[in-house]
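Each chain gets a letter, A, B and C, in the order it is written, and its residues are counted from 1.
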Amino acid sequence: MSNAQAVGDLVSQPYKYGFVTDIETEKIAKGLSEDVVRLISSKKDEPSFLLDFRLRAYRQWLQMEEPDWARLGYPPIDYQDIIYYAAPKQQDKKASLDEVDPKLLETFDKLGIPLSEQKRLSNVAVDAVFDSVSIATTYKEKLAEHGVIFCSISEAVKEHPELIERYLGTVVPTQDNYFAALNSAVFSDGSFVFIPKGVECPMELSTYFRINSGDTGQFERTLIVAEEGASVSYLEGCTAPMFDTNQLHAAVVELVALDDASIKYSTVQNWYAGDENGVGGIYNFVTKRGQCRGDRSKISWTQVETGSSITWKYPSCVLQGADSVGEFYSVALTNNCQQADTGTKMIHVGPRSRSTIVSKGISAGRSANSYRGLVQIGPKAVGAKNYSQCDSMLIGDQAAANTYPYIRSQQPQAAVEHEASTCRISEDQLFYLQSRGIGFEEAVSMMVSGFCRDVFNQLPMEFAAEADKLLALKLEGSVG
Amino acid sequence: MTASLSAPTSRTAWLERWLSQLPAPSGPLAAVQERGREALAQQPVPSSRQEEWRFTDLSLLQDLPLAQAAAAPSGGAMSSEAGVLRLQLDGRTDPLAGVELPAGLQVLSDSELAQGLGHTLAATGCEHHWPVELNHASAGRVLALRLASRSKLKLELHSTAQSGLLPLRLLLILEEKAELELCQKIVAQGSGLISLVLEAHLARSARLQHGLVASGQADAALLAHLAIEQEPESHLALSSVTVGWGLARLEPRLVQVDGQASSTLRGLQLVGGRQIADTHSHVSFAGPEGQLDQLHKAVAAGHGRSVFNGAVQVPRAAQRTNAAQLSRNLLLSDRARIDTKPELEIVADDVKCAHGATVSSLQTDELFYLQSRGIDSDQAAGLLKRAFCEEVLRDLPPAARAWCPIEQWQLEDA
Amino acid sequence: MIRPDAPVLLEIRDLHARVEAKEILKGVNLTIRAGEVHAVMGRNGSGKSTLSKVLAGHPAYTVTGGTVHYRGENLLELDPEQRARIGVFLGFQYPVEIPGVSNLEFLRVATNARRAQKGEEELDTFAFEDLVRDRLKVVQMDPAFLDRSVNEGFSGGEKKRNEILQMALLDPLVAILDETDSGLDIDALRIVAGGVNQLATPDNATLLITHYQRLLDAITPDYVHVMAAGRILRTGGKELALELEERGYDWVDQELAALAGEVA
């Protein structure tokens, strides 16, 4: 049908952020060994506990096998053909933005993330990470007035080693999985957030990840700690240039929420997805986990996944505290040859813990979009509740939508409910909107964003529009 | 993932021992037996490291007596009643000895058997499954029947195992517009393993209503594969009930070879004590406009474990498929466990596929409603549990429904 | 209101159309002038719903011959949304449900698309809310419906009222109402018909497609056309509808048979 074709064409828009910034970069030689791990650590001048952490992870990684259960199809990754450390050549981190290489500032300007005093967003603090290295963090002083620490993790290692030592690796242990072990061994940079007891973070925090280098693996590490009664909303954005090779991105994100604390973590992921034949693009193998350690704590994940050649990620919540709350809201759009295997794990340990999962998958082209989730109710989780809903929208008859929701319950006084459905944009719905004067593209876009509405509603105000725009961007273009 | 130190020798020793003690292959299935034994000798016993067996521990099998069970006292036809053919299957004696076959029912010839046996297993992708190979290795007899075009028949199959291994093998061919109501009762009265492999081929517009009621005991295991091929416009209603088994693993596997057929699947499994019941269903639509209506229910009490895995495959050829699957689970004890996992794989855009799963105890508001009408809490709970089961039982053919004494079932947290 | 000097809004000449391989319209002729109310009646399968779909540009229907001009412009070469923007409105027999898309937003986007076409300025959310609340009165609709998804979970009557609300907002020059009376109880029919009557002006025209007289009791047509086998078989005044009510459609068959005889 011509309409189906047209809808398919609509989601195949060129990638906007595919440019490369021409900047001198310091790189180490390709390959991974214990020496490389030591080199990374020494370049960053790290304390011995961190070197030990890295070495332990590296040795564990050597013993592990790359997982294959997600049935993602990609050629074997040669881990010796990757550069594990690359940084734009500018000496150390600058005290002031004025000293940052203007090319970098220009890059972020082009990405829509202006960092300079005059142009930056008024109510969002941004940590800009360029090829594994944090180049600038805005509003640090203002945040410090409230006792909030927001900086690159390298800086945190120097300035707040005690916090790093106390929390790093406590949510995602080094041996957790193959890619987490790799990250723990070689992570370069990332963001650190600490919200002290009783503080409500006065502004949105955001990290913007930009991959620039073509042969460099990206291994960021993010750690967010919210002490008793603290709360924070954090957003991560990502883009990368277009290369015809694949880049490995294996990040780890750890969240810790103590009693009555709340962390809202949102991601708008728009890594380069490869071309229409599946050449190039990012392998996004990410471990994200939050621990609701305290009673009444809350962790909420919202993700809008539109990029990457392969996405393999399951932002999860371990609901330890009594009455703790976990949430997962996800939109995953795949097109061409993209593969996404994404979902969440809600591990209910504490009594009356509650979780909600809303997953919306949109598959177009020849892509494969899988929801894989686990809801586990432990024997002590009396009164726990979970509700999951995962819906798939199929565009064209060559895209795959798979759903694998695991449920395990060991607690009779708990209720788990899962619902799933599939739909498409029907010709009648399109015609109805068109016959009211709404153009084809806008009609498709309205229906796709209507399909995703439950998730977009969860994004922080400042970014909901951005996500809608991103999806619209993927949906804009000529009517076929 | 925790690294489990496996000791393959001890885990498979029982199987090697069993294989070595089997009588030499003989009879019409000698070749099948031989292949099955070879396969078992090479294939490892399924373990929790395999996704398909992740939650189902087969270690019970090594403690069971697996010598071929002695023939039951009576074989063959049990009684005749107008319109119903009632046969006893004991795996050894000829169930059809001395039976006058009703019109339209024929026994497959040797050449037809050679051609037909294993066809549906292959079509549904389970011909090399371990439980199937186990059946292949040991079954010495197959009941292979054809129901002629436009014939109608009610068939009852009864199997009672005293002790040891009872392999049952069935092959049913339903010709165009044939209609079969098949009620199958399996009872374990001693320690042992019952292995069932059923293949059925439904030609265009054929109808099969199959009700399987299997009741076992704590030291008995049931491994069953029900493989069914459906041609367009055929109707399948497959209902199964398992209760009381130390281990029960049921694998209904359907393929709609050209779509356009309708399939109804119903399952009820009850576990208490330290029992494990596992249903792995697999439905594949190889053509357009197929329909599936699946409801699987489980009740877990005591230390019981219930597993459900429901795969539904809708490839590109299967446009306008309409499939609905629901897994509903009643968890009655904090030492019991329920694992449920729907698995939907869809590569067609014009389809309706919905699935759902719930796990909970009895609804307190429903209990309260009954109590507020003067019914005491135990009685109210009993009523609700029976109502929960009844939703599956009511779809059994009447004869099979009569084999489910729901009042006597242990639905309590023992 | 019949005024021979009124401008022609819609001119259908020898229109042929098919869906898949089946020819449904076999030469429809119809002229609609400003201020007129036309009713097309006929049995199921006579082609009357197809006519409405073709006029609105449904992609499943292919025009195989003939012309349709709307205020002198070739309607058939326009996309469905362009037709709507220039003032051709189709009220659906079975309005689809569109989960997730808010009714209010839908109405606003549609209204603004029409306004932009007319050179009027677009309405922001607040101005639009004022407008929509005012137009809700036309169909006595509860504002709560605005917050729901388009038609989702609406009863049959609610869906039809939502259609007339859209008509009130889009202010079409030619409104084609396909079986608007089907599935309505007496009260809902009265409300819907009342809405249509309120919206009729000397500058616009209405084409009612219906099976039954009861809608025509509430909305008086200037012309009644009887459709059969893909053509307009007879045209008359409102009394023709009453005749149909009395005599049924059997005479149509006879006339058709006679026609077939002539052709043969």
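By definition in this document, contacts are C-beta pairs under 8 Å (C-beta built on N, C-alpha and C of every residue); 3 or more make two chains touch, one makes a residue touch a chain.
Given the structure is predicted, the values throughout are model-derived calculations rather than measurements.
Listing every chain that touches chain B and chain C alike gives A.
Every chain gets a centre from its CA atoms, and the centre nearest the mean of all protein CA atoms is that of A. Summed over C-beta pairs in contact, the chain pair with the top total is A-B. Distances between chain centres, each the mean of the C-alpha atoms, put C farthest from chain A. A separation of 56 Å divides the Cα centre of chain B from that of chain C.
A straight line joining the Cα centres of chain A and chain C is 50 Å long. Rounded to whole angstrom units, the spacing between the C-alpha centres of chain A and chain B is 43. Those residues of chain C in touch with two or more other chains do not exist in this structure.
Among the residues of chain A, none is in touch with two or more other chains.
Of all residues in chain B, none touches two or more other chains.
The part of chain A that touches chain B in the complex is made up of residues 4, 69, 177, 377, 379, 392, 394-422, 424. Interface residues of chain B, counted against chain A in their complex, comprise 1, 51, 316, 319, 329, 331-361. The touching residues of chain A, counted against chain C in their complex, run 1-3, 423, 426-429, 431-440, 442-443, 446-447, 449-453.
The touching residues of chain C, when paired with chain A in their complex, are 56-60, 79-81, 83-85, 89-90, 92, 95-96, 98-102, 105-106, 109-110, 113-114, 117, 149-150, 166, 170.
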